[in-house]
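Here chain A shows up in two complexes: once beside chain B, once beside chain C.
So, the complex of A and B:
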């Protein structure tokens, strides 16, 4: 075993150089201008806390309204608004930000990195959260009140004829903004794990929290663009009078079911986007408090990948009640049951970790154990929803409400609370009070189970979900009352937690570096860590480097070779490839929508309006530009400034010609009276080619920046992979055009 | 003339001499070429799949009756038979020099995914049903392209394969690309393979299929698409697990007694 510690060069955190250090640390700017991953992580969590209060108050209003039958506490429309805002807020503004906050704070520490790969992108992604939250809540002032279409915004209710106010537009814009932020964070996470690991931190030695969030980032990158594509289609429907999701009388209408497919193709992976980080936390906390390494590291790691893959193939189980046909129901029933296997494997791993361990039943562990039990219940009710016949009976009842709150609160929130208890000492340098922690734990357990266990029975007694009130039927009244009383306990638990945090910040016991005797690298530095995170790192030969340091006589078995070299691919190239991966998802949905609506000729204008010959000429220009940018890269490598600038300029000109050509085509179509709302062909055509054109324009901007930098001599001073990254993006834009050209222009000629 | 399901399952086997000869030739070639025949079981399994696909009632159904049966054949020929055949190669096997350019990850990925998309272009799909020579070309090409696809992860020697994590990505993206086609087939409002619209009822099966089994045209195409989407993804997923086993298993797995630490 290599006994030398790794000493890091004294450095500074990645920070803007515009301000002096003193100015940057001034209290008015320190948090607003920060690009430090730790501060951004805390900002994420505080933002989530603010929205948690808002979403929590909404939940309390819902439970007050439902506490007694025929209640008139809330107007039905107000109830719908609060109900929509509760769901949207809790998912997009509480759960995702708080989990991203943890990842932001902990993940770079766990791999011994100084910061995230792209600190400024990190800050940008964070600030999109408040922006999205403000957009969403601004809708309250827009005249029609908050959106009242549910967090799922099913068409046609979300379409203009049924929701004519601006509120749904704000909802869609807010989610779009939040989606962009999430993709940005996910790209950053992947680039960080791929490119910034400390010496010795091979991919096989990653702590499970890091590994699982690494995998999770891929789900985010693949799933959020699907939602974003759906949202832009919804916005095009609402603002430009198209009808993607709006059925029309007679022929040529859109499909509300398509919205459901798009929404759940995002929505089901979203469940795992929230659950996987929680799985990661469980995989860290349970071993530490069982004083044993995790049982079956490999199985926990690989089953996460299985979950990531399967999560994209099961969305239609949210749609059994839509009537997709028996065949589709059957396949999705099977695939939905299969996803229980990797999840069950994990539960077994955590349980087996505890067996034979020396359990320390401190607050973080208590929350984990409760989460494990409640999650198992949630899994069992979940499996029952995988059976279409049973699902038809229970889907639209309170049974389903109980099921997903068992996942979202019983597992995810409980684990987040465990994480708060576990990592608070690292973030603040002070311990949370155990006594208050146990108070909030027991209040939470009682409150949660009181609120939601009984809802299973309410569902079986036939109470439908999404209703603002109910008649005084046998059993319904007292069960609802019990459920509402549970919310009181949960509120009390939250207040105790906030009190505990505030109190401990000032009076808490000093934590020291490693209060829990944990084994991962975040505990190898001071609490809170310095800006640059580490002054030195212990040697990393196994998955528990701090165990090896504490027990030199019986270290963990070395994973791989002792001095295994690590490969760290370039972060620019990595991030742009991941970005391209997410863009494929976005364009994939647009292309599928085009194919779906144009499989049969639409009444009105169709592909025959398009001029293949002219388009082919412009396309050749675009394809040629792939060649010129490649030459520019070659010139860069050879340090030929003039040639590089010339090739870049040629690329810009060729791209410009393509955009000009597309503009001409649009102009011709507009002149012959074809615009985006004419029929579904025109809608899908303009959406697909328009977004492609937008991406070409973005590429042109990037190219012009590169050109400017070249002329300023930037690339001569030091070689950079930036141009290669831009090149990748540009090739991707060309590749999308190959697909668009084939589908839109060439395919109709083959019929 | 109608028959019930059992009569059909018993009577619809064909003894296509070309297929039998090809299978026998493969076996003979294997025995002749390799002295180390410990892995011949894999080859027998591959041949079993091969014969099942082309001689069994599945082939009769795919021959103009059911798109979904055709899809099952497609999956078995592209993904299962070549994988088993590659596993049968002795571990010291190396590719002849002229084939090496084909052992490239991009080529492999493109052949695996391309084979799926290419043969489901409506014109080609119809041609393969209507014409025997095209069908033969399809079968051979599926086996060849499938071999090229799997070579990247199932090649006999470690040095010939891509790294395990790259393999996960390779399989993940291939799975996604095929799933998209499966989604299109499942939810497409139009028939992809028009040949199956009006089967010529040579075997007198139509009554059995349409009435007893309840397989109408929409359901047939839906099953076809779903087969490509869900079970095929599970095949890729199994392969992904194999990659993880390979990755974590690269050094002997640590066998440890339960560690108990004294709380300090």
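So, the complex of A and C:
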């Protein structure tokens, strides 16, 4: 085994010491302008805490209203707004930010990196969270009341005729903004793991928290753009009078079922986006408190990949009652049951990790054990929802409410609480109180199970979800009252937790570097870590570097070769490729929507209005520009500044001609009275080509920046990856146009 | 009235689902017991005690892991086959012509019997023991038709008709609800499903087909005149009068119904008066506006509606 420690290059850590104490004081304000991954991580968590308080108060209002039958505490509209905001807030403004917060803080530390790959992008992604939160709540201030359409905003209820206030617009904008932030963070996570690992940290030695979040980032990148495409279509319906999701009386119109497909194609992967980071935490905490390595690292890692892939083939199990037909029902039944297998394997791995260990039942472990048992229950009720025949009875009932709260609270929130207790010492340098931690644990276990176990039976007894009140049917009243009482305990647990955090920040026992005797790299530095994270790293040649340091007599098996070199691709190229991957989901939805609505000819204008000949000429210009940007790159590599500027200028001109041509086509269509709301052909045509045009314009802006830098003589050798990135993006825009040209212009001629 | 619970099935369709549910929960129970058992076992056996050394560092066992990946495959396969079988019993293909068409509106149910032409609202009658092929439609947003004791639930989608089979083995009144969130008064979009002997059902249907009788006393006649002169007739229909609109519930036999406002109150003269006085007080958000009827007008309308048996 290699005993040398890795000393980092001098100067890396210099930043922290340049500042005088006075300046340091000044930079306390720097929490607002920080690009440090640890501070951003903490900002994420604090933001999540603020929204958790809001979403929690909403939950309390819900349980007060439902405590007794025929309650008049809340007006029905108020109740509907509250449950919509509760769901949206808890998913998008609490669960995702807090999990991204953990990833931001822990992941770079676990791989021995100095920061995330793109610190400024990281800060940007974070600040979109408060922006999205404000947008979501702005509708309350604007006078229309909060949205009241449920967190999945089923059309046609979410369309203008049935929700005429602008609250649904704010809801859609908020989710759109949050989606962009999430994709930004996911790209950052992938680039960080791919490009910034410390020497020796091969992919096969990654800690499972990092590995699972790396996989998870791919789900985010693939799923969120699908939602964003749907939101854009909903907004076009609402603001521009189109009919993507709004059926028209008698004559065609859009499809409410299409909204469900798009929403759940995002929405079910979203469940895993929230669950996988929690799986990652379980896979870190259970081994440490069992004093044993995870049982079956490869199985846990591989099952995460299986979940990520399968999660995109199961969405329609949310739609077993919408009338998709037997074949589709059976397909999504079997795919949804299959995804239970990799998930079940994980549960068995965690359980087997405990067997034969030495279990230290401190608070983090207690939360994990409860989460494990509750998640087993959630998984089994989940399988019952994957069986259409059972789902036909329990869907949209309190059984379903109980099921997803068992996932979201019983597993995810419990694991987050375990994570808080586990990593708080690293973040603050002080331990949380074990005594208070155990109080909040037991209050939470009692409260959670009291609230949600009984709801399974309420569902079997026929109580539907999202009702503001209910008649006094047999069993309903006492079961609801018990459920509401549980909320009191959960509230108490949350208050104890916040009290514990505040108290421990000032009076907590000093933590030291590694209070839990854990084995991953975040525990190899001080608590809290210095700005530059590490002064030196232990040798990394297994999955538990700190175990090897602590037990030199019996180190872990070396994974791969001792001095296995690691290959770190360029982060700019990595990130642009991942970004392009994310765009596939967005354009994929728009293209599929075009095909779906134009499979049969629409009444009114159709593809025959389009001029294939003119468009072909402009398309040739666009395709030629792929060639010119390639020449620009070649010139850059040969350091021929003049040629490079010329080729870039040619690319801009060709792209400009294409946009001009598209503008002319739009102008002609408008003049003959065809606009985005005319019929579904026009709607899908303008949406698809319009968003492609927008991407071309963004590419032109990037190209102009490149051109400006070249002309200013600022374009040195080290910029070349930036030009490569712009080049990739430009080729991608062209490739999308190949698809659009084929589907919109050429295909109708082949019929 | 019965209790609206999927655990008390009253039709072959609902019973098939119930039986599958029982089988599934036996399997789930065993799995849950195995996992929880292993966790409790390790909590008892492997608790850390002061001074304990680090345990043996076992990092996995490929053979065990392959087995516990394969076994769930078999369980899933069994469940899938059972599910597919249950689906064909609980939800067979539609009949060529529906016996009943149910239309979801914000926030009430319209039921049409296409073979006779009867149209009713919020109270659906069925002959006991006979399966009814039901077509489900919607006019505005999504709704969901659910009678837990009798059948699967099914969404009503505007522009996309769906189908279920509805059958009751025993006479009685069953609760039905809308289970897809559909706006302000989603909670009170309930209905009653009355299963009765075939001859009673026929008699009921014949009654529903009769047009409203002309009012015989003055008060009721004033009520009818008021009804026809107000904008009531823009939304409601009463067979045999000038009112033919199909936007809101058909009132031809309103007096024969047990509930008002899709389940929110019992149909008593006092409740009907409260409703007419201001429907927004009884059912906030309902599409019917407050007409500010005077007490005299309320008495007239009440007297007229009483004749609509």
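In the analysis below, the second predicted complex is superposed on the first by the 730 of 751 C-alpha atoms of A that agree within 3 Å, B and C clash if a C-alpha of one lies under 4 Å from a C-alpha of the other, contacts with A are read in each partner's own complex, and residues count from 1 in each chain.
The rule is simple: a residue touches a chain if its C-beta (ideal position, glycine included) is under 8 Å from a C-beta of that chain, and two chains touch if they have at least 3 such contacts.
Every value quoted in this text rests on a predicted model; they were computed, and no experiment measured them.
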Chain B versus chain C as contact partner of A:46, first or second or both or neither: neither
Contact breadth on chain A, by residue count: chain C or chain B: C
Contacts of A:453 with chain B and chain C, given as first, second, both or neither: neither
Contacts of A:384 with chain B and chain C, given as first, second, both or neither: second
Which of chain B and chain C A:298 touches, first, second, both or neither: both
Contacts of A:556 with chain B and chain C, given as first, second, both or neither: both
Contacts of A:358 with chain B and chain C, given as first, second, both or neither: both
Touching partner for A:750 - first (chain B), second (chain C), both, neither: first
Partner chain(s) touched by A:54 [first = chain B, second = chain C, both, neither]: neither
Contacts of A:588 with chain B and chain C, given as first, second, both or neither: first
Overlap of chain C and chain B interfaces on chain A (superposed complexes): 291-293, 298, 326, 334, 338, 356-358, 360, 551, 554, 556-557
Residue ranges of chain C in contact with chain A within the complex: 3-7, 14, 16-17, 20-21, 24, 28, 31-32, 35-36, 38-39, 41-43, 46-49, 52, 54-61, 64-65, 68-69, 72-73, 76, 79-80, 83-84, 86-87, 90-91, 106, 140-142, 144, 146, 148, 152-155, 157-160, 162-163, 175, 177-187, 190, 263, 284-285
Sites on chain B touched by chain A in the complex: 123, 165, 168, 172, 175-176, 179-180, 183-184, 186-190, 218-219, 222-223, 226, 229-230, 233-234, 236-237, 240-241, 244-245, 247-248, 250-251, 253-254, 256, 258-261, 263-264
Complex contacts: residues of chain A adjacent to chain C: 75-77, 80, 148-150, 154, 156-157, 161-162, 247, 253, 255-257, 290-299, 321-323, 326, 329-330, 333-334, 337-338, 340-341, 344-345, 347-349, 351-352, 354-361, 369, 372-373, 376-377, 380-381, 383-384, 387-390, 392-397, 460-462, 464-471, 473-475, 547, 551, 554, 556-557
Chain A residues touching chain B - in the complex, by the definition given at the top: 203-204, 261, 291-293, 298, 301-302, 305-306, 309-310, 312-313, 325-328, 331-332, 334-335, 338, 356-358, 360, 517, 551, 554, 556-557, 559-561, 588, 592, 595-596, 599-600, 750
